[in-house]
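Scrolling down, you'll hit the structures one after another.
Two complexes are shown next, each including subunit A; its partner changes from subunit B in the first to subunit C in the second.
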Partner chain A sequence: MDFAFLATQMVSGFSLATLLFLNASGLTLIFGVGRIFNFAHGSFYMLGAYFGYQVSAVWGLPFWPAILVAGAAAGIVGSASEYLFLRRIYGRPHEGGFQILLTYCLILIFDDLVKMIWGSEYKSIAKPPGFLGAVQVGDVFIPTYNLAIIAVGLLVVLAAWWILSRTRAGRIARASAVDREILGCLGVNVPLTLTVVFGLATALGGMTGALAAPLRSVTPGAGIEIIIDSLIVVVLGGMGNFWGAWFGAILLGEVNAFAVAFVPEWSSLFSYIVMVLTLIFRPEGLFAPARIRKA
Partner chain B sequence: MDLPRRYKFGLLWTAGLLVFALVPLLMTSRYQMNLAGHILVWGLFAVSFNMLWGVTGMLSFGQALYYGIGAYSVGLLVTRVGAAWFFPALGIGLATAALISLLVGLLVIRMTGVYFTMLTLAFAQLAYQVTLKWRDLTGGDDGIQGIIPPGLLADKTFYYYVVLAVVFFSIWVLKRMAYSPFGLVLRCIQQNPERVRFIGRSVRMNQLRIYVISSLFAAAAGALMAGMDSSIHPDMLYWTTSGEVILMSVLGGINRFFGPFIGAIVLILLEDVIGAKTEFWPIVIGSVILVIVILFPRGVVGEAQHLWSRFRGDSSQRSPA
Partner chain C sequence: MKSRKIALWIVLMLVVFLPSLGFAQEKVIRIGALYPMTGRSGLYGMDSVAAAEMAIDEINAKGGAAGYKLDIIFTDSKSKPAYAVRVAERYITEDKVHFLFGVVSSAVGLAVTEISRQNKVIFIGTDHAATELTLDNFQPYYFRVSNNTFQSMTAGALYLKELQKEKPWKTISYIGPDYAYGHSQLDEIQYNLKRFGVDFQLVSKYLPKLYEPDYTSFITSLIKDKPDVLVSGFWGGDTVAFIKQAKAYGLFEKMLYFHPDAGGNYEVMSALGAEMPAGLVLSARHHNNWPDTELNRRYVAEFKRRTGRYPTYAAEGAYAGIYAIARAVEKVGTPDNTEALVKALEGLQIKLPEDPDGFTSYIDPQTHQIVQVQAIGVSVPDDNFPPAKMMLGKWKVYKAEDLLPPKELIEKRLKK
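And then the complex of A and B:
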């Protein structure tokens, strides 16, 4: 086994991990802050990819602004979904189950809406100019677009960490995870906070979808595939744990990259095996303190 | 009617049985009989699933796993070994489902809430991927065709009556269970697991028990379906199959024993009518369930009973099943 091959797989696993993390961070953000389990998060990823396609390939906007527009549009749809639907079932008995069910309905609806608007054939977005080639390091060729994805991922992690831990908005978001009632007494508009956080989380998902579109073609079923991978990432890291999700994504990305290289036939099994093993031995996530096990 | 409840239920049972029993006699179309058969099998699957969710409060997103085990046991043995193996295959399917649900159950019941749901989903998806990739055994995404049950069972009408008998018997067993002391413990687990421990019952043990029982009936439903459609495919293990029974349960009402069965009737009939007109069936059912979840969380049966008791000026609500 030569070094160049291993290194290439490592880098490809790393860029896959970044995409997984970007998407999963939205999922874990909304679970950590609002205790909302968004089963439809993958659908916002898919919506983002289609918005990106519409804006860049059909309307001809340059690539990077198109990514931002796609993310924003997905975020708006997300906020609207929270405001119109999810908000109505907060605090109900069986709430967890109904959240899963309601967001499951959103999956069904968005999947079909996308099929109605864009048809069911494959769509793709061209890589942005300047990121078409590859960088050579020794014997290893690394596509520049993969590097760009990794860079964007790092940027988002840092920005999110800074917002959550260093700004007033971040403090409010973290406080609403701890005690919504007291937060309301302090004069914070809690329902608005949840809507905004939900919008941000889905915007992250949408942006990821648009960012991933040049690598994976866009199809109506894409939301389902990505949600399960994101779930695994979140479970690995521990629900609501931002940094844990980052490590979980890298672990899963690398496992997948090497599984595809060594046992391509059975590669799709590995994500599930990793998830099952984690949930059996460390159900609170690999990086979480044990006391939140029964959250 | 002021008949004792016992008789009222007896009447309803007989009426239900009669309706389904008359289907092959009144309707000459094989298609409609097949539709009624589908309703019966899905009804059993949904009712068994609701023993987990509606009764015990364990939302499993992976019951398709056991449905698939039942279907593939029958499909594989009947086509590979011989048609005479239909009933042994049914037994083997149930035994396999029992064994696997016991092993998986031991792992998943350690989790609560969203984690439980996701772990059941992960196990089912794992099984789906294995079924899809293990082409030599399962035929991959082609599935298995030409599953013809032996002897008299090959006759579609006769098979329908066998399905009817098995389904009604299974549902009767499940209903007895739901209203037995065991069923009471299960409802207590949903409402207050801590107090279940106080009265000296084990939460885990009873959760495991109902998980295995529910999975057994799901496997039975899968096995019956394999013989009815004469073909099986890996989608029977896909997560949308698990989703289907959840939708049926919510549609009918998860707090009523017969809710999921009514949900199965409504969903399958709707799918038959609307699915024939448009390929965009998911958006229709998605919107319907969305409205039900938000505005009518009691489901069709629950809302109907609520209206009925309001209509009779009866202020006291019947205790939820």
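And then the complex of A and C:
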């Protein structure tokens, strides 16, 4: 087991972690701000992949703008879903159960819509020109497209940090997580805030789907396949904790990468072990700030 | 006035009763089919439905089988065994079907074959590959009309044996999904290589979960293992994701990618388009460009005309299943005598699109497994079946009889 291999495996883990984080970031954002558990988050990831396919492979728009268009389109569908459906169940007793059922229905509906529009064949988006090969650092080999994804991930982390902690919109979003009623009394349009945040979160999901499409297969049902891993990341990081999701994703990515290298036959087990241990010993998440932990 | 009223009544009676009388008299073979229509495997379900309907239209247009018209009901299996079992039971008790039909997932197949055994209703398996169904879990009312993994892994082992003479190789790694399908392929390739006296060493095996979206860590680990040959048992979209991700790492230049059960599936070629690397050694249970026979060309063209797309391998299994039912009913003369139909299906010969000239598929009377030729090819540029840009070529063809398990193994596993 030489050093170059360990380094390669670490980079593999990091690349996996970035997509995991991008998937999970929207999920945790909407949970943090609106206390909404969007089980259908994966469906927006899938919609983003299909929108990306439509815009870049069918209409011929260049790759990077196509990713943004796909994200925006998924965000619009997301806002519409919140406005038309989710908004009607806010504040009900046992709201959580209704949320899960309603968003689960959305998964089934989006899956069938996608099948009706694009058919059930696997779709694919080509990697953008200039990102087909790999760079070599010593003996470590990293595909340039994976590097690009890691860069986009870091960019999203920075942008989200700036928006959430340095802008008025970000402060409102954080405040609505703490107390919606008081925020409303202060003259903030809380329902609109939730719709916008939901749109942003699903846009993140959609962008991730389009970004992952050159590496994965675009099929109906793709949403339900990624939701479990995203959930693990969100739990590790602490439900609703944006930064926690980033660390949680890195932890999970690296655990996976080294489990594959050392105990390949049992590799899929380890992410679940990490999640179970977290749920038992640190249910508020591994990366929850100290004051939440005490409370 | 009165006579007009009576006439009106008669007409009314005729309108109400004649059609039902007509239905009652029409002779129908009822088939209850189960296919996944949603999620990832929905593609195979939709293709199977289209091909089964195509075969039924062809047969009914020629007057049906022994004067009986074929009639099929489709239900989404949801790829869930427990749900599929309930549908199969409803097919038997309420719809009074003569045949259970279909199923893509081996897990669903294993559940439905149990219902078929208990109710003594024939189950025609069209596309699930787990070898157990025709060996360990054999039951007299089950018949399978597509190859199982044992057959494709035997063809694979023969290919690797020949390859060793041309281009010496020694080590293999394996990667495949972590469920019955992935595990049996790993066992069967090793079993057959040993049986043919091939000198090899398995250096590593990886069993990621089915539908794993990200193979990056597996890929870098495989490259470290440096096997000469990577045997792959992936299925469907997993193959697409793996190839896309491995390509940038140069994996395909570092080892021979060998995927004899489902790697050559048309949907893999069509999804990857120009991204499909050349020189991969692959096969599938049906190929759109092999054999180059009148029957295969007509089958592929007709499917394309009806659906607007080229068929995946699953479609031909459904097509074969309908023809098997029609031929068996023709032999027996009625769909109601199950025991006679079982006898008729045992040893039944059916000429199928995937049969090369001079060979006709037949059902092995002992295991109820269809016996077919398998061709393994290499990915080469070919844009005759768009959107695919690469198809298989440079075929090596393996005789059907050579792919069957040895007698001792059949007897040992049937007894279990």
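One rule holds in what follows: the second predicted complex is superposed on the first by the 282 of 295 C-alpha atoms of A that agree within 3 Å, B and C clash if a C-alpha of one lies under 4 Å from a C-alpha of the other, contacts with A are read in each partner's own complex, and residues count from 1 in each chain.
One rule holds for everything that comes next: contacts are C-beta pairs under 8 Å (C-beta built on N, C-alpha and C of every residue); 3 or more make two chains touch, one makes a residue touch a chain.
Values in this document were obtained by computation on a predicted structure and should not be read as measured data.
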{"item": "Fit or clash between subunit C and subunit B when superposed on subunit A", "value": "clash"}
{"item": "Subunit B versus subunit C as contact partner of A:N38, first or second or both or neither", "value": "neither"}
{"item": "Touching partner for A:L16 - first (subunit B), second (subunit C), both, neither", "value": "second"}
{"item": "Which superposed partner A:D111 touches (first subunit B, second subunit C, both, neither)", "value": "both"}
{"item": "Subunit B versus subunit C as contact partner of A:G96, first or second or both or neither", "value": "first"}
{"item": "Which of subunit B and subunit C A:V235 touches, first, second, both or neither", "value": "first"}
{"item": "Touching partner for A:P283 - first (subunit B), second (subunit C), both, neither", "value": "first"}
{"item": "Which superposed partner A:S268 touches (first subunit B, second subunit C, both, neither)", "value": "both"}
{"item": "First, second, both or neither for A:S176, with subunit B first and subunit C second", "value": "neither"}
{"item": "Clash-bearing segment of subunit C, relative to subunit B, as chosen among 38-46, 92-100 or 290-298", "value": "92-100"}
{"item": "Footprint overlap on subunit A, comparing subunit B with subunit C", "value": "108, 111-112, 115, 224, 265, 268"}
{"item": "Of subunit C, residues touching subunit A in the complex", "value": "38-40, 42-43, 46, 178, 204-209, 211-214, 216-221, 223-224, 236-238, 240-241, 244-245, 248-250, 267-268, 270-275, 309"}
{"item": "Complex contact set, residues of subunit B against subunit A", "value": "53, 57, 59, 61, 107, 110-115, 117-119, 121-123, 125-126, 129-130, 133, 239, 243, 246-247, 250, 254, 280, 282-283, 285-287, 289-290, 293-294, 297"}
{"item": "For the subunit A and subunit B complex, residues of the former touching the latter", "value": "31, 37, 85, 88-89, 92, 94, 96-98, 100-102, 104-109, 111-113, 115-116, 224, 228, 231-232, 235, 239, 265-266, 268-269, 272-273, 275-276, 279-280, 283, 294-295"}
{"item": "Residue ranges of subunit A touching subunit C (in the complex, touch as defined)", "value": "5, 8-9, 11-13, 15-16, 19, 108, 111-112, 115, 119-124, 126-127, 132-134, 141, 143-146, 212, 214-217, 219-222, 224-226, 229, 256-257, 260-261, 264-265, 267-268"}
